[in-house]
Structures are given as C-alpha cells and as structure tokens.
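Would you mind keeping the following structure in view while I ask a few things?
By written order: A, B, C and D. Residues from 1 in each chain.
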Amino acid sequence: SAAIQGGEFIPKKPQRNEASHKGHIGLLLAIGSNQGLPGAIRLASESALRSGAALVAVSCHQDNQQLVLNGRPELMLAPDSADKLLDSPFFEKAKVLLIGPGLGQSPWSKALFDLVINSNKQLVLDADALQLLAQHPHKRDDWVLTPHPGEAARLLGCTVQEIESDRFAAINRIVEQYGGICVLKGAGSLIADANNLWINTSGNSGMATGGMGDVLSGIIAALMMQLDHAIDATRLAVFLHGKAADKVAKEKGKIGMLASDLYPYIQQLLNENEM
Amino acid sequence: SAAIQGGEFIPKKPQRNEASHKGHIGLLLAIGSNQGLPGAIRLASESALRSGAALVAVSCHQDNQQLVLNGRPELMLAPDSADKLLDSPFFEKAKVLLIGPGLGQSPWSKALFDLVINSNKQLVLDADALQLLAQHPHKRDDWVLTPHPGEAARLLGCTVQEIESDRFAAINRIVEQYGGICVLKGAGSLIADANNLWINTSGNSGMATGGMGDVLSGIIAALMMQLDHAIDATRLAVFLHGKAADKVAKEKGKIGMLASDLYPYIQQLLNENEM
Amino acid sequence: SAAIQGGEFIPKKPQRNEASHKGHIGLLLAIGSNQGLPGAIRLASESALRSGAALVAVSCHQDNQQLVLNGRPELMLAPDSADKLLDSPFFEKAKVLLIGPGLGQSPWSKALFDLVINSNKQLVLDADALQLLAQHPHKRDDWVLTPHPGEAARLLGCTVQEIESDRFAAINRIVEQYGGICVLKGAGSLIADANNLWINTSGNSGMATGGMGDVLSGIIAALMMQLDHAIDATRLAVFLHGKAADKVAKEKGKIGMLASDLYPYIQQLLNENEM
Amino acid sequence: SAAIQGGEFIPKKPQRNEASHKGHIGLLLAIGSNQGLPGAIRLASESALRSGAALVAVSCHQDNQQLVLNGRPELMLAPDSADKLLDSPFFEKAKVLLIGPGLGQSPWSKALFDLVINSNKQLVLDADALQLLAQHPHKRDDWVLTPHPGEAARLLGCTVQEIESDRFAAINRIVEQYGGICVLKGAGSLIADANNLWINTSGNSGMATGGMGDVLSGIIAALMMQLDHAIDATRLAVFLHGKAADKVAKEKGKIGMLASDLYPYIQQLLNENEM
C-alpha cells in the first residue's frame, strides 16, 4: 500500500557538521550529453551543486564541453569517454555516479553505460541510461532509476497506456525486475523500493517543460552523497523538486517556468528548518 | 474595418491543466541564424521558452550552435541543415515551426525554407523567411507572417512609402496574396486574417532596437502551441510583446531597452490574471 | 578658459519620439578586439546598446567572435577584416564608427584604421586607434578622440609628465593638431573642441579598473547617434559615465567595481528626468 | 603562540586615494587552468577583480581560454605558455603573480612554475603549484603559500594525519622550510610568517565545496596589490573569505553554497567601514 509524502512526511534534510570538508561529502561524477544534447547534463550537474554536492565532475562528449561548463566554473571536467574515464581519478574517487541525461544510445553511450553499471558505486540512472537498461537488462539493489512513463514502458516491455492505467503496479514491477529504487515520474510521482511505495504531493503543471527530469536526477545524486540511505535521498529529492517548482509557480507563474529556475528554491528549501 | 485591441479586448491567455505534460504542449522547432547572424534565433527561441513552449529545439548553422545555446541549457539542438532535419525526430515531432530570424538567403537558407513551407505543420515566418517568400511566392491558410514595413514592401513588390501610406490596405493585400495571418509591425502594429483586422495598442518607442521582432516571433509560436486558434495566439502575442515593453519602459526607461529585457515581463503577463 | 560641467550644466539627454524606429537611430559599427584582446570591444558595444544605440554590429578578430557576442544576442556580427567590411552592408549602413578598444597595432589593425579614417562617417577613436593615429597623423573635424594621459603623450610626442603638468594645454594642442573633439581622461576628465573646454565633475577612484575607457567610448558613440551635435554627445557621455560610477560606488563601494557594473546605472541615468 | 584574528583584530582594509588610477594598483597575472581544469583560474581571477585588483590578466591553456574569459570581459588574456609569457608585457608589468589553480603538473605546468618562482615579483602559490614546490623545493621570503592539509603533507613529506594532529607545528615547519607566509587551510585556518601565527575565526562548513580555495588565492593576490605588507593582505583575505561565506550562509544557507557566491559579499565587506 502507498504512503503519502509531503509536509512532515518526508525524510530529514542533510545536516552540515562544522568539521565537514569536501572529502567528507565527496565527488559526484555526472555522465551524459552526447553530441547534439548539450543541455541535459549541465542541468543535472548544476542542480547537484545547488543541492550540496561538494564536488561535481562532468563527463560528456568533447563537442559539448564548452557548453556544459560555461558560466559555472565550479563544475569540473572529467575525461570524455569510457576508456579514459576508467583510468581517471574522477572515476576512482567518485562516491556517486549519475548517468543518462543527454547520453544518447550510440556506442559511445553504451560503453559509458557498461562502465557505470559494472562499477561498485552508488548509481542514479536517468533518461537514455534507462533506454539502454531496457535493452540490456541488469539488476542491482543499490541504484535509483527515474523513468517517466515512456521509459517505464520500455523497461517493462509494455505500452505507455498500460503504465498509466496502473502506475502502482508498474513501479512495483520495475523494482522487482531491476532492483533498487524507482521513481515513476508524472503528476503525482511515485517512489518505491522493494518494501514500500510513496506518492509525492508536491509539484504542478508548470513542470511540463524540458529539463525538469535532468534537474531531479541531480538532486537525487547530491542527496545520496549527504544522507545515509538512498531511499531517503530519493524521497526527499522528489519532494523538494516539486516544492521548488511550487515556489516558482507562486512567485513567477507556471507558464514559462524553466528547469533552471528551480535552483535557488532547491537551495532555499534545503537550508530551511521547516518546509 | 479595424478593431482596437488592448485592455480587455484581447484573447484569453493559455491555461495549464494540472495533468499537462511536455507532450501535450509539444515541441517548437526554431530555424534560423545562418553564419554571422547568431543572436536572432536565440532571441526567438528563448522568448518561446519564457512564453510557455514546453520544448524548444533550434536548427541553426553549426558555426553558431555554441552561441545560440550558451547559457540556456533548456534549449535543444536540432540538426543543422534541411537534409539532416528532414529525417530527424525533431522535425517529425514538432508541433509548430518558426523560421526566419537570422536565416539569411543563401542556398542553406533556401533549402530550410523549402522544407518548412512544404511541411504540414503550423508555421511562423519572420525576417529572412519573408524575403525568401517574396522571391518564391506561396499561399497557405495556416501560417503567420510577421513583416515589418520593408519586408511588407518586398512581399507586395512596392515601396516602403506605399506600405506606410496605407497600412490597412497593405496588410489586407498581404493576407489576400499569401493567405493565413499577417502582423504588420511598426508603431501601432496591425494584425489581420482573411476576415478581420486589429490595431494593437501596446508598445512604445523603446522597442526601436535590434531583436525585438525575433522576440515577437518566439511568443507567437509558443502561444500557437497553447491556444486552439492561431489568430488568438497572434493577437495575444503582439499585445503581450508591446505590454512587456511598456513595463520595461516604466521600470527602467525606453533608452537602452534590449529585446531580451522583455522575457521576465512576458512571463509575468502570461501568468497574471489581469493585464 | 574652462567651464565646469556637472549638475545642470550638462547637455540635454536624447528624447525618444513615439514614431522612432531602428532606422532613425541607426547602426553603430564597433571595431576592435584583435587576437588576445577579447573583452574590450564587448564592453564598448554592450555599453552602446545600454546607452540607446538601436543596432550595434561588432567587427573583431574571428578568434574572438564567440567571446565578444556570448550572452548578448542583441549584438550583431560584422565581417572580421577591412577587406570584407568595405563591401558589407554593415559598413555602408553604419551611422557612427567606433574603433580602437582591443584593436592592437598589427597590419590587421592598421587596415581597419585606414578604412575608418578615410570614410565619411562620424567617428570615435579610442585606445589602440589613438596609438595608430599618433604614428599616422591625420586631422578631421568630425571625430572624437578619447586619450588617457599615456595616449595623449603619444599623440603629442611628449612625456606623460608633460601632459599631466598642464592638462589644459595638452588637450588644446591635441584638438589643434588632430581636429574634432578630445576627451583627456583622468581624475577630472577634460573635454574640448576648437572653441571650448569643459572640466567634468563626476566620477571617483573606483573607476581605476580595466575596461572603464571602453565603456566610455561606447556611450559616446551611442549618444552621437541620438543627439544632433557630437560635442553634446561627448560631454553628456563623460558626465554619465562618471555619474554611473558614482552610483555604483554609493551602492556597492569603490573597491571591486567593474566596468560592466555601470550598464544599469547608465541606462537609469539616461532615462531619468533629473540627474 | 597563536593570536586569534576576527572582529577588530584584523588588518586595515585598503583605502582608495582619489587620484588612484589603474597604474597605481597595478596588474595581477593569474596562471593556471591546464587542459581539463578550466574553472579554477577563472574563480581566482574573478575573485581578484572583485577584491579590487585593477587589472587582471590570465595565462591558461589555450583550450580553456574561451571558458576562462567568458562572461567577464574585464579579464585580459595573457600568452598561454612560459616561453611566450617571458617576453610579454603582461609578465613584465605584473605587480603580483598568482600561480596554481588548475595548473596541473605537466611539463607545461612546470615551465610556468619555473618562470614564476625565478622572477622577482610578489607571488601567491596555490594548489598544483604547491605540489610542484614539494617536488622542487625552493625558499623565498616574499611569497604566500596556501596549502590545504593534503598539500601541506606533500610539502613536509609526511601524512595528512600528522598535519592534522598538530596544525601549529605543521604551519611553522612549512614557513621554516619554504619561507614567506603560509595559510594552512581547514576549519580554523592558520596564517603564519616567520614571527607570528594567527587563527582565523570566520567561515563555516558550507565552504566545503569545490573552488573555495581558488577564490581565496584571488583575494590574497588582489590585497597584496593594495596593501603595503603581504602578511596584512593574507590575514585580511583569509578573514574576508570566511566572513563572506558566513554572509552567504546567513542569507541562503550552507548547503548548495558555491564558491562564486562569495563575490558580492567580498566586495561588500571590503567597502564597509565596519565588519
């Protein structure tokens, strides 16, 4: 059965110990943005920075490196292919790997996908990484999958209509088949692990705009670095993402809301004592 | 005879259904910015995002891709020529096509123009696309043309003085000859379709600055995606464009107003209950 | 003898006629930023936009085009050399030419310098264009020269100490020798034409930072497009430039003031009824 | 024995003489950002501009020049290698050299390191320049070294644990062995020269994020240009850096704080009469 999350029913936010340093929180390695898809991994990685990831390095196609890094000098540049990444300190030191936004489905993409799912890191799989996962099934208990209904349909080999007709059943089947934690996005996003299912109550129709999912994956990854349990990180991230969009809607309106508009509100919510 | 538009006499603004998602609003494909003309399609596409277009992809010359996308990661990159665009999912999925800002008149431009006007999509033609249309006349009932007086003169094969001496006659002749909807820009912009003509009352002389027309074409395209009738979208867009500039003039003044200054005001106006 | 300018003793600001359009105000062509010097012409051209230049096109070395245009889509890109510029509509249509910021002194620079000083346009010469002028003397009545003391010394073939020991004599000699209008920059900038000399009273020591002169040259050029007399444009520009810096100093302080911090204040001052 | 610094116990801030010009404050040459490390030298150099460095030129790998300069036209571009820099006016005119952020440890890096440490300029060594110094020991009385505990361990050939177990002893040994001034970063940063040691009291755990050290090195270098004694510049810089982060924490929170968020607060603090 499903629990409602929202208001007080969300996990505790991360606390900063006064002796925290960058090494404690650690490094996020964000992988995506193949040729022609520059914006997605930028949105995910900048959102992770604003969600408290101390260090964020980006691995993307070299054609996109300028666009991905531009104007955000706090982002670091990791090597641009699976081969180079394997031997790099970025990969070795990363605490969490986020893969998928703008990843594409080329051989370049597949090599990165293979590198990631065969590593022993905590993982967030989004967007094209889920398309690749549907084609190359794999099961892990320590990852977070964030499909929208179309990606969920691919993962389960069914139609979007079947997903939408019983979203509870769909998310449970994804968790059963692929393991770990699943976020099934859409109005009233669901979060599930092997034991529980939550219905998110924050968010609004202004979020129907490109890049919103990329921003969510960045928040999840950043919170995984700061909280002990991936399920808490995921539930809190989904709630904050929607709540930040609710704040944008209230201050500026739903129409014309952009994904990056959420950043300051995510930061504000993470630092407030109450939500 | 001409109706005044302004105040209450403008079409209803788009409403967001709580179950809206990106697919409902759809994808805008914005085409322009040939070599040496990087800013125009950026202005149009960012203005479309701020006017509620859920997804905006840009097709421009590859030399301009960095400049067009930079700093706005929500914009997507579509293929950079008519040949590649024809087979791309961006073209297939696009709900509205906007062509013209910075398009130029080279063979590259002409191939894109041909692709667009022979498609069965809703169209907005601006700037250089109107120059090409004047050279290669075509008539459609489902497009919006946005000439300034110089472009109107080309479309009608007359002088700018003839346009300005009877703007009502000019816009009616353009609609008659080319079909669809026409916006004849200038102080007191006119909007006409086959049956009606409106005089816009918003706007000010601070709008006499480069890129203002590009921003307008983006608003029109975005509203076409969100409203049932292209004429409502066009009339509302012209009104909001001028009204946003009036707000800039009131807050910051007319001198030194830039086209991109309008974005936050467009968004604000679209989300207000009253104007 | 010298008149004090400041308070009420400055020229009237430009007024926007409600029927103004881009063509009335016209096009500024800003030329500079050779290899390795990307920022200077960007500062000058953006400052011109914020000072009411309706259309601003930039001609710079092609290595700098991305940096110069980035983030300001209202700027247009003109051809990148004297040869190409000569045949371009940008050159033909330009109402005012601004040359010098970051221009360098290479053959590329010299060719642009020659093109400009032999044209029949209104001119603003700054920075490296003044170094070239010192090497290739020329006299015109319709240009504005904006040397700092070092450049003034080059123009007069004397030392900086000689300039500083009698700034009144120095500016008068420059006007006599080179014609037109001269601004001799420094604490208490001087403005002179063949008949009169003014001492500027606005400004502060926070302006001792890179790029301030570039911003001034952009304001002068923009105001030349909007006022009937170049001397009024120059005097007003020098005053507004210092006054904008005084506002920055008051709101944020002198230390750490940057040249581009002046833009919003320039715009504000130009649009205020009183200063 | 160690003095507490904070509140009134910090050095006087720089004062601007009304006759100050760019030449008085002088030029900072900031060297770093090898391939793959674009953000570090940008953070240091922009922070220097906001801390009152009148002129800042950057020498970085040519692959990074676009990213380093983008959006901050007040930064100048110096040549991109030790050979070219040696003969350039930037090197000759520089009052202070800052080397290290993103420098890497390649032959390109080493050549720049050698150029710098053999010059007769005031120096700030940070990050990779400290790694190179550990490999190629050298002693000078007129530089500032800014190691974090890991870099301190390299400089002393011991473990990080040994550094952390007695930070006072560690900083004193670095000063003894390498000369000049040392900042040993961490919660409660220490500053020492041959005679004295201070414990900094500003700062918070939100500073545990990438790029914070780069920003500090920029402040130190800028203040060295504006104050008579390097020790005063260093102590004031460390204090302001932490205090600016305290202001960010108070206004926006610690989680999601980014290094560049400090700029406006650094500027504000430098211009306030009281802290």
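In the analysis below, contacts are C-beta pairs under 8 Å (C-beta built on N, C-alpha and C of every residue); 3 or more make two chains touch, one makes a residue touch a chain.
Bear in mind the structure is a predicted one, so any value in this text is a computation, not a measurement.
What is the graph distance from subunit B to subunit C, where chains are linked when they touch?
Steps on the shortest route: 1.
Over half shared numbers or under half: where do the identical copies subunit A and subunit B land at their interface, same or different?
Different: fewer than half of the residue numbers at the subunit A-subunit B interface appear in both copies.
Between subunit B and subunit D, what distance separates the C-alpha centroids? Give it in angstrom.
Roughly 49 Å, centre to centre.
Taking the mean of the C-alpha atoms as each chain's centre, how many Å separate subunit A from subunit D?
It comes to 35 Å between the two C-alpha centres.
Quick check on subunit D: which residues sit in contact with 2+ other chains?
66, 70-71
All pairs of touching chains?
Chains touch in the following pairs: A-B, A-D, B-C, C-D.
Which part of subunit C faces subunit D closely enough to touch in the complex?
For this pair, the touching residues of subunit C are 36-40, 42-43, 46, 66-67, 70-71, 186-187, 204-206, 208-211, 252-256, 258-260.
Please name which positions on subunit A make contact with subunit D in the complex.
13-14, 16-22, 24-25, 49-52, 54-56, 66, 69-77, 79, 226, 264, 266-268, 270-272
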